[in-house]
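What follows is chain A paired twice: with chain B in the first complex and chain C in the second.
Our next item is the complex of A and B:
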């Protein structure tokens, strides 16, 4: 299981997601760049694992991850603009 | 279709309120070169864009701008959430407060409401991409100005610095978009006609 605490894990998700966002913009204009594609894939794998860990411990970060056991954490856990939000 | 993710693109955690700074920074929420304008501009321009790479870039950058809008909303919210009525009066925030209390509403720093005339969708790929490049530079200048105003407030400075850097990256990408569109046109005269509507220049009498 992931050794990071909630804040650290969200920070990690934020970082790898941003790497993907930035590389994706580059790939839009340079879609055959193998180096960028490999880097995108690498960050995607890191993100997938981190998001999976986060959801299983702390609850969903998008509504497609909501289920019958975690619905209230989607509503009641702090929203990103709030104090103690996911940032 | 969009999917909301319950996080910010870059962390915002402001410990001290500052109604004066909030009044400056709200310009990037609903001002002339703000994030709302940016997002609506790019997402609207997609329908008449010709090059598939550029359609992808407009979609992804327009989506990122929505994330930036949320960051700016968060900054303004955190700068105003615990204000006392004395601070509201002393900072000049009372003008905003009387209409919106401490809700977040899209306006420029000078109080002018958000207006779709702040951006254009001309339906001409070359024209629209020039507008997009100018928009990124105007937003960068606005962030330059905000950085000078908040340099003593690291909680505010860091996310604003991040947003400024994104303007530079987006300018670069839109420059590449423009090159991509030009590649499909007559290199002797890129600007002769609207490539999303005409194949030559029928608006001229003898063509």
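Our next item is the complex of A and C:
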């Protein structure tokens, strides 16, 4: 995970986020499917770790993750509408 | 060839996991004649499923792409990754 650069790590977060979203749609219809639940949980763990790594290295992805009490680091580039901010 | 099969979707960065298995879904040309000698339907009766209703085969949690490919294809489910071609009854 920590071998990825900033762009690669954001891309990875986007990928596992999409995986979670799409599997969640399946789980909406099959809420007790153990295989789907296991896969969802797996991607959830991967995403949590990746987001944690990203925030600790590159700063917050959204404004709820700002921990810096001296500076509102959320305003650092890239902005959400910039290409770099969207994989 | 590949580009045509995938409705001019960019061939860059795609996984092509469905290569060889995809079905080209098009609407039937308007002037085409039905197969066979008559146009009467011959429904297959399924017990517990009355005619005139539509049924959707239940999806199983199988043939799952990895996350990287899923994002590129727009779905995590290979079985749902169908190639829809054609515009207003015309094939491309």
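Keep in mind that, in the parts below, the second predicted complex is superposed on the first by the 79 of 87 C-alpha atoms of A that agree within 3 Å, B and C clash if a C-alpha of one lies under 4 Å from a C-alpha of the other, contacts with A are read in each partner's own complex, and residues count from 1 in each chain.
Everything that follows uses one rule, which is that contacts are C-beta pairs under 8 Å (C-beta built on N, C-alpha and C of every residue); 3 or more make two chains touch, one makes a residue touch a chain.
None of these values were measured; they are calculated from a predicted model.
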Examine A:36 and indicate which partner it touches, taking first as chain B and second as chain C; both and neither are also allowed.
second
Just checking: does A:14 make contact with chain B only, chain C only, both, or neither of them? Give me first, second, both or neither.
both
Contacts for A:61 in the overlay, against chain B (first) and chain C (second): which applies, first, second, both or neither?
first
In the overlay, answer first, second, both or neither for which of chain B and chain C A:23 touches.
second
After the superposition on A, what does A:79 contact: first (chain B), second (chain C), both or neither?
first
Chain A residues in contact: does chain B have more, or chain C?
B
The shared contact residues of chain A with chain B and chain C are 14, 18, 22, 26, 29-30
Chain A residues touching chain C in their complex are 12, 14-16, 18-19, 22-23, 26, 29-30, 33, 35-36, 39, 43, 46
Residues of chain A touching chain B in the complex
10-11, 13-14, 17-18, 21-22, 24-26, 28-31, 60-64, 74, 77, 79-81, 83, 85-87
Quick check: in the complex, which residue numbers of chain C touch chain A?
59, 61-62, 64, 67-68, 70-71, 75-77
Which residues of chain B touch chain A once you look at their complex with the stated criterion?
3-13, 53, 56-57, 60-61, 64, 70, 73-74, 77-78, 81, 169-170, 173, 176-177, 180
